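What follows is a group of structures, each given as structure tokens.
Paired with chain B in one complex and with chain C in the other, chain A is shared by the two complexes that follow.
What follows is the complex of A and B.
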């Protein structure tokens, strides 16, 4: 199972590229651009209006001043006449290479194009210029005599644009402020819209996670009829199908397991009758002689094997059905392991290292089953000497290892040794008791909240390591209740 | 030791098989295929021991067990399905002295029968009579009196009381009691001890929930007294 990644595990970059930030940025940018466009357009418009008005004023004033000149300009004008005209328009008057002494704008600062336009057309021409860093409107024209004839006298008047500039700057500032103020509602709107889109997405994510955790009855409420609700509907359909299929599989599996349990229980009754008479058959075999003796011996041996198999099937069915109950007692482990070996007549065959005084709360019968299966397996498939060791690894755990000196377990069979009816070597299949011993040992270890692992010893030979908690854990009790069909090797 | 066994088992093959095996071991066997029939025979023939299947048609094994218990001190051995804990616990609560698991090997059943019946044999090494508070245990007559009134105990209960009162004040573990009273090996079922202690308390204690004779020592076992 892959580890679940929470949103915080994601790299910073991809978190910043999440849907919500992206939506907010997009909304803000749209607000910014449209606001800026509107502001720029109105600014431009306002600026043009203000400036044109000023330009017209300057042009009109210059024209009026010249028309009201009394007496009309004398031609050709002398220096005094030029001074008079300059004073009238409050500007610079030029005729030939003479010019008035009052020069609000020096002639060399008059843009050549403007001057050319004045000379060629003789009309009032206006242009904005910058003098010493200040904005001005410059109006130029050629003075006309009473009959409207051009006189060759050029005049240039300026007006400072400072107040107009201030007006325009104020306009620009308020546009910027309004823009900034508009950003806030834009971001809020974006967040709202993001929430609207993201809530169904988040609900879907939660539902998918619940589904992944195995809560297959998870469904989402369908709201509205947009694309997201379509997705929710599809999700619900998928969850429904999944639940149905998984339910079907579980039902079939439960049926299969129940069938095995039922068959095992049914087999027990005739087996009880057979077992009752097997001893007699075995005792009589000696006196029967010949084929009957062989038949009697086979019958009694195989009845015993069959009994073992049925008992193991019933045992493992109980694990599958979740009916296996742990009955922990305070025990001295060395005593239990010794009792197991003694009860099976293995005391002389098996090497032991069982320090006394290692006490744990364990189910004696189940520990006996584990050790008996491990040692029985080592004796059958490994080579002597078989060694059983007991260790207290820490305050909370004890370890029992069973090691043999056989060829060990091949890497390819290691993952399968605890599987039911797994036969490492088909040629040796018949020598195994039921093919369930190691699976039962594994289940019993798990019921204790412990682990049973298969591996190889440092030298050679197989080593099985049983690690059990000294006190039955709450989880061990809990898993006993809902263990059916989860994680156990099948 | 020839034992008169009443076998109550509904399955004919199992009944025939066990009758055959027990007879071969020198016991006399009387068979019943139902609880009702078994209880009738119990009153008529007074067997030494009852071997009782729990799964019976009509009145079930637990009820039969209770009625056998009520009728007298005849020991009961239950036939149970392997490790069906609910059955085992219910059977022991109903008063069974011991149980064997199907399919049972004849020699195991025989050993249990003999162990149960040996419990009525007197201990030669113990003093004949002991008095503990209101309780008087006569080891020669194998009787128990409380304030002068006789207390009716089954052989197993009596044996457990003799074992515990034989060393007052000493803690005996469940395993020790299993070996001395039930003659089980180390891997015996300690619930046999607990169930029998409960029954014994009902008979000898003034208030069984706060026992003064058979006291529990948590995590270790049981202790007789101090009274």
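What follows is the complex of A and C.
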């Protein structure tokens, strides 16, 4: 069951690359790109039209003024004649190394390539130039005579493109504004589309989380017939299968548990009767003598063992069924542990370190069960001396350790020590104990909201550490109450 | 859309915007309408500049020296040849334009057969022997005659004849391309 990570846990980058931002960015880019393409195309078109119109005007005006020049230019022209021609076209007239005195664009600012083109092409040649950041259009030509022969007079008319520049700038500005305005509906559309796509995804996520939390009856409504609805349908199928299988498993497990519980209960009554009989027989064993006495004793012992096993089974069934109830009361731990040891007749055998005055709210009976099982286990499987120590580790917890001086627990055994009917020594198929003692101790510790751990002492031997809260927390009790066999090693 | 694809799209957009450009950019020379034709006749007269033929356009009858030069009577005059004989004007001389023709020479058509024109050379102060003219001087005459306006028909070859001795040279053709005679 993987823990769900909230969106805030995710790195910023992956959040930025989420489906919604990506959709919005993609939409915005598409809008921006197509808008920019259209705007750029129409802008260029408009700019070309504006500029060509002006260029045509300049070229035509120059051409017409020269053709209508009256009287026609004298060849070769003297300086006065050059000035007259220059004035006529409002530009520059050049003949050989002489030129008219036209100031706005002097001849040395006329690009050499334009002069070359004028001399070589025999046509009106137009060129746009930028001087000191100002755009100009230059129209140059060589005047021909009436038959089209050269006269050697070059003229260059010039016009500032300031107003055209303004027109074009206005075009660009309005294109940019329109583009920006188009971006807004694009983003809104993108958000709408993202919401449409993301709603099923969000629903799916929520449903999957609910499913992960164990609510297996979670289903989603199927809308439409697109890929996402297909996914929703698959999700529903999966949830249905899961619910069915888990239900089946739970039912089977519950059946098994109930069977064990029922069997244990059914066995209890006859066993009680049998115990009474075998106890009586054992008392009489001395008088029976011979094999009969041995048989009577064996029968008595085994019946007691069987009865113990059934009691343990009933106990653990209660845990599994969630029927185990904690009855906490204020107790002095040293007194409870001492009482346990005394009751089992272990007072002389077990070393104790039980400082008095450590008080906790605990279920006295269950603590007795835990300590009895741990000490019993140590006496049975470890080697003496067995030591029981009681410590108050902090304000809220107490620790009871049971240590023996035996060979200790092998590492491969450690994870399985608290499993039911786990046999550390496989050769010893039949244990003296029921095989449920440590499991029951573990369940009891857990019921208190505590922990029971198995390990090895620093020197030699096994050490079991019981750590219990001084006050059973509400959550521990609740967890203990509603758990149904999950979590405990089986 | 991966980050890499996003960058590619942005790059493409930037390139498009860059190609479109803003404002008014300079251009190269763009040929436009035909050159204007002023209401005048320009005689192409071939002088010499830097050792090569150099044509100068002249309005007819602009050189007072041409008008004032005494000519034999009943001579058909070709204006371009008169202008050629008169030599470059002072401003043209200042610009390095010279002539290889001897001073005071006069040139006028004798006869024309098809595209071949025979010209008389007449020296005012000294004999105008065609053989004593440099090749460049002969080319000057041939080209100016070929481009001349008021001859009977288009001229391709020119023969020079000394008016006094009757000595001839030619026919020769203009070694450079001259404007086609029209009108």
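Simple rule for what comes next: the second predicted complex is superposed on the first by the 421 of 490 C-alpha atoms of A that agree within 3 Å, B and C clash if a C-alpha of one lies under 4 Å from a C-alpha of the other, contacts with A are read in each partner's own complex, and residues count from 1 in each chain.
The rule we apply is simple: contacts are C-beta pairs under 8 Å (C-beta built on N, C-alpha and C of every residue); 3 or more make two chains touch, one makes a residue touch a chain.
Note that the coordinates shown come from a computational prediction; the quantities given were computed from them, not determined experimentally.
Of the two partner chains placed by the overlay, only chain C lies in contact with A:36; chain B stays clear of it. Residue contacts after overlaying the shared chain place A:135 against chain C, while chain B stays out of touching range. The partner of chain A that touches more of its residues, comparing chain B with chain C, is C. Once the two complexes are overlaid on the shared chain, A:458 sits clear of chain B and of chain C alike. In the superposed model, A:44 lies in contact with chain C only, and not with chain B. Those residues of chain B that touch chain A in the shared complex are 11, 13-14, 16-18, 20-21, 24, 79, 81-83, 85, 102-107, 174, 185-187, 189-191, 219-220. Those residues of chain A lying in contact with chain C across their complex are 17, 22, 25-26, 29, 32-33, 36-37, 40-41, 43-44, 47, 51, 55-56, 59-60, 62-64, 66-67, 69-70, 72-76, 78, 96-98, 111, 113-114, 116-118, 121-130, 135, 139-152, 161, 164-165, 168-169, 172.
The part of chain A that touches chain B in the complex is made up of residues 265, 268-280, 307, 310-311, 314-315, 318, 325, 327, 329-330, 335-336, 339-340, 342-343, 364-365, 368. Across the interface of their complex, chain A is touched by residues 1, 3, 6, 9-10, 12-13, 16-17, 20, 22-42, 44, 55-59, 62, 89, 91-92, 95, 147, 149, 179, 182-183 of chain C.
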